[in-house]
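Next come two complexes, and both contain chain A; in the first it sits with chain B, in the second with chain C.
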Partner chain A sequence: MDTVLEVSNLKTYFYIEQGVVRAVDGVSFTLQAGKTLGIVGESGCGKSVTSRTIMRLLSPSLARIVDGSIKYYPADGPPVELTQVDPYGDRIRDIRGNEIAMIFQEPMTSLNPVYTIGQQIMEAILLHQDVSKDEARARAIDVLRLVGIPLPEQRVDQYPHEFSGGMRQRAMIAMALSCNPRILIADEPTTALDVTIEAQILELIQQIQQDNDMALIMITHDLNVIGEVADHVIVMYLGQVVESAPVDDIFDQPKHPYTQGLLNSLPMIGRGDRLEPITGSVPGPHERPRGCPFAPRCPQVMDRCRAENPPSFVLGPASDVACWLYEEAAEPSHDSS
Partner chain B sequence: MTPVEAAGPDAILKIRDLRLHFPVKAGLLKKTVGYVKAVDGISFDVYAGETVGLVGESGSGKTTIGRCIVRLYKPTTGSMHFRTGAGLVDIAQLDKRELQPIRRDIQMLFQDPNSSLNARMRVGDIIAEPLEIHAIGTADERRARVEDLLEHVGLGAEMYNRYPHQLSGGQRQRVGVARALSIEPRLVICDEPVSALDVSVQAQVLNLLADLQEELGLTYVFIAHDLSVVEYISDRVMVMYLGKLMETAPTRKIFERPAHPYTEALLNSIPKRVRGGHRKRFVLTGDIPSPVNPPAGCVFHTRCQYAKDICKTETPPLRTLPKDPYTSVACHLVDELSLSPYYTAAERADLEPDRA
Partner chain C sequence: MTAFIIRRLVSAAITFFLITLISFVVIQLPPGDVVSNWVRQQEASTGQPMPPETIENLRRTYGFDEPVIVQYFKWIDGFPSGDFGFSIEYSNAPVADILVQRTGLTVFLGVATLFISWGLAIPFGIFAATRKNSRWDYFLSTLSFIGISTPDFLIAVIYLFIAVFVLKTDYSGGLFSQQFKDAPWTWERVVDFAKHLPVPLAILGLGGMAGTFRIMRANLLDILDQQFIEAARAKGLKERIVIYKHATRIAVNPLISRVGMQLPLLISGTIIISIVLDLPTLGPPFIRALNRQDMFLAGTVLMILAIILLIGNLIADIVLAWSDPRIQYE
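Presenting the complex of A and B:
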């Protein structure tokens, strides 16, 4: 299988007046062409900062990549170390929006209200591809048709406010797909939408993924969406990956107490049992606990958890868990094998 | 007239043919050029102690119904009989003064705990405000009651002097719950109360609502777009589309044997896991039509895969099924269709062998 992106031990810290916020604190994963990686976690877990770091969208004066690497493997040519490129330079501009594209959560705020939908899609095409304005416009109409917008020849000249919520999200997807990206990062793409529209959007993304062998990173707090689309899942909590496993293992044999807690908190149709919520709530960015970040809310907490942050233990070829409960069951780490 | 379920003696709210049409004004003279039919002829009963889930896409009118019941909106026509100590009272057209005593009995829990709490007021004062408005107790009694409520919703009396910004999202929604319950209402309209919360906190608030219901004998009308949340909390579900009721049935029945094509479409839109790969989704095409110009006949016919000619011309009434007195459906084809549930028995057995 073709690896298209390899993130290892990534750390992105924010340096603000109140102190250092360790938003992403040691995240690793591998992304394969044609496959879907689900990143799941509650607010403040660092899932969105991870994706913005990959895209190099964060201002270097505020957010610093203090450690780790993001290796992007282009279709041809040597791998690119994205942590080392100039965030305002030409190299990242070639990649961003072209080879790695992103769909944001809020289609209302991420579309520019004073430009037509067509102008916004054409901007991406003209920036990345050597085509005339007419060709770019034709391509914009094509992608609008591809995402199922009716009458694309007319819609292309309309403004975002003339689109419904579901159509705006389709337009965002059209923009992201306009350059046939190899990697699509979807950050809560369906959170603000009705279930019927959500189903349309997920169907659309997966259809395009299959047709183009595109790799997909699906970032969401919704485990039901993860269960439906992901091949592999990483569960994040306070900037760290607490568990990484194939999707069926995450649901059938969750290992980390936080993953187990999330699943027990989730209403599932037909299950009927009383929900067992995780106690407490996610601590604020400046109240980060010592030791394991989940220790204060963990039902199986031990003394050691409050003192030492567990490393990632390898449980299988594609399964890791960062929890002291699994120290003895662990295999030697992937790196040394 | 729309036939409805026989109103038992314990119905605390009987709604008949409720309509709320907002005028659409245009032009220099603000002439009314049309109406948004947000709620368009809805009848149902709410029984004491139950939770009725209200579901549908945005624009279906579910929030508008909730706001009519608490009388934030005045319905255009129709009746809403609420059971008080003095028998059934139609609250649909009461004025502000006449509503005052009724408001003690019907409270609302809002979606967004960030914008529904006054940022300049302390938590204790927020919860005490309804008590002051209704002139209940002395200042000391009110304080004791608020501290008691804070304990009850799992916040602790020490939160009394905090401000909303010092609390997490889940804690703020607990304050919202305490405020709604402070004057001991009998009916609580919950409008998307957990949709702004993280999964783990959402479960805490859902359990809190369930516990308080059991303890205090509350009745809930629970409005939500998340069907798995509705399934968890509701005894009965009402499915709405473009201001009309499409189907109402006991929760289990809705999910296992949907009777309306729109219910089927909603259920099949919910993401679900199928072992070993990805399923083929059943996708409802298009958006919900505009409520200014709803389609003729059955309002759902433009998106319904089963629609026949009769659906385009005649509006199907909401009928109780002869073989199932707890299920009412507004569909011409109800006897002909065999609709798919959320999970088939085989899929369920494959996912959870120990449960099948």
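Presenting the complex of A and C:
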């Protein structure tokens, strides 16, 4: 399997007037071509900051990458260390939209209202590919057809406000796919959409992923979406990865108390018993607990949890959990670095 | 679009009619009229009371003994033939003669001021917004606060002081040298005009800049926070293209809708500056006419301002429809 992206011990801190916010605090994962990584967690856990750090979209005056590495492996040529590139430079702009593309949560506001859908798709194509305007337009119509927009020859000249929410998200996906990216980052792509539209969009993304052998990072707070699309899942809490495991393990035998809590608070048809929400709420960025970040809300909290932040314990070839409960069961680290 | 323009022209014509009627009536509402003002002036200079018959005669000659509404229709009756009445204040000169050149100069100054203040305010707004909370941003914002809170005429006096005593220009007010004041347009007069122009244009342009700068900066900051800006960056576009093509393009739209209202403001708002700098615009005769209830002159100036307002708004609407596809005129 080809690794396309390797993130290790990534730390992105925000330096604001009130102090330092450790938005991403030691995140590691590996992304394989054609596979889907799900990143799940509540609002404010650092999911979106992780994706924007990979794309280097954060303003350097606000957010700083203080540690860790992001290695991108291009189809040809040596790997690129994305933490080291100039966020306004040519190298990252070659990668953005061309090799790593992104779709956003709000289809209603992700498209510029004063340019036609076609102009916005063609903009990306003309930027990254050596084609004429007519060819770019033909390609734009092609991708619109690919994402299931009816009458693409006419729709290409319409403005975003003439599209419905679902159609706009399809247009966003078309824009992201227009240059055949090797990695697609989808940041809550279906959160703002109806459930029926959500299913269609997820199916569409998976279809395209299979056809192009594209790697996908699916960021969501919705475990149902994760169950639908992901191969491997990382669960984030307060900027840290608390559990990392194949998708079946996450649903069948969740290890971390936080993952268990998330699953127990998930409504499922046919499950008669009451939902069990996780007690308490995510602490604010400045009230980070000293030990394990989840300790104040954890039903199985021990004294040690409040004092010491647990490292990642290896439970299997692709399973890690950051919880003191698993210290005994842990194998020696498979990742010695 | 054509239907929209026609509909707007029809409603503009009705608005125009109502404005002339209301302004004509309102000018006459205060006690007294132009004749009594004129008589008081004559009595003051001669020291002798004027006989009531003479005053009555005067009123009858000018038609001021008739009801206001009759006077109004007599007044607008002359419009098609270019007759806008006469001004008692200006020795019975026809209003058209008094105002024709001043209107041209006023519109010229207004439009030139607009270009200068926009041409400076928009780039400065972009500069400040893209360097939010930097020292430059604070500096420009502070400057614009001072600009907004200082009355125009004070700015005019300060700038005039700087122009004359600091920069040592030989500007002494006005738009023409003495010998060209009432001369016909010749090449020498154009040159003289061009020499006089920089100081008043700088004063008027800088005065209107502060507000536009603040609007531009705030608009752009709003737009830069939008998701589609991040999406544009995620496409791999250059920061410059993101700022200009994607953000500024939208941030100027509210300015366009403002221009329709700003144009007559530039013209009526510069009355005091015009008096301070002795500019031959519509301002000084307008003030004089209002003081003396010289209603043909005052009514015509108000009418000109109304026409400029209507044309300005029409142009703004058309430009906006072209610039923002979300706006539909159905």
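In the analysis below, the second predicted complex is superposed on the first by the 336 of 337 C-alpha atoms of A that agree within 3 Å, B and C clash if a C-alpha of one lies under 4 Å from a C-alpha of the other, contacts with A are read in each partner's own complex, and residues count from 1 in each chain.
Everything below uses one rule, namely that a contact is a pair of C-beta atoms (placed from the backbone, for glycine too) under 8 Å apart; a residue touches a chain by one contact, two chains touch by 3 or more.
The structure presented is a predicted model; accordingly, all values stated were derived computationally and were not measured.
Novice: Fit or clash for chain B plus chain C once both are placed on chain A?
Specialist: fit
Novice: Please indicate which partner A:206 is in contact with in the superposed arrangement: first for chain B, second for chain C, both, or neither.
Specialist: Touch status of A:206: first partner only.
Novice: Once the shared chain is lined up, is A:67 touching chain B (first), chain C (second), both, or neither of them?
Specialist: neither
Novice: Which of the two, chain B or chain C, is in touch with more residues of chain A?
Specialist: When the residues of chain A touched by each partner are counted, B comes out ahead.
Novice: Is A:98 contacted by the first partner chain B, the second partner chain C, both or neither?
Specialist: After superposing on A, A:98 lies in contact with chain C but is clear of chain B.
Novice: With both complexes superposed on chain A, which partner does A:124 reach: first (chain B), second (chain C), both or neither?
Specialist: After superposing on A, A:124 lies in contact with chain C but is clear of chain B.
Novice: Go through the superposed model and pick first if A:135 touches only chain B, second if only chain C, both, or neither.
Specialist: neither
Novice: Please indicate which partner A:6 is in contact with in the superposed arrangement: first for chain B, second for chain C, both, or neither.
Specialist: Once the two structures are laid over each other on A, A:6 reaches no partner at all.
Novice: Pick one for A:267: touches chain B only (first), chain C only (second), both, or neither.
Specialist: first
Novice: If you've got the overlay open, could you tell me the nearest Cα approach between chain B and chain C in whole angstrom?
Specialist: Comparing every C-alpha of chain B with every C-alpha of chain C, the smallest gap is 7 Å.
Novice: Can you pull the chain A residues that chain B and chain C both touch?
Specialist: Touching chain B and chain C on chain A: no residues.
Novice: Going by the contact rule set out above, which residues of chain A touch chain B in the complex?
Specialist: My answer: residues 42-43, 164-167, 194-200, 202-203, 206, 221-225, 227-229, 247-248, 251, 261-262, 264-270, 274-279, 281-282.
Novice: Quick check: in the complex, which residue numbers of chain A touch chain C?
Specialist: 52, 55, 57, 88, 93-98, 101-102, 104-106, 109-114, 116, 123-124, 127-128, 159, 161, 172, 175
Novice: Mind listing the chain C positions that touch chain A in their complex?
Specialist: Counting only chain C, the residues touching chain A are 226-228, 230-239, 246, 249-250, 323-326.
Novice: With touch defined as at the start, can you tell me which chain B residues reach chain A in the complex?
Specialist: Within the complex, chain B touches chain A at residues 57-58, 168-171, 198-204, 206-207, 210, 225-229, 231-232, 255-256, 265-266, 268-276, 278-279, 281-285, 287-288, 342-343, 348.
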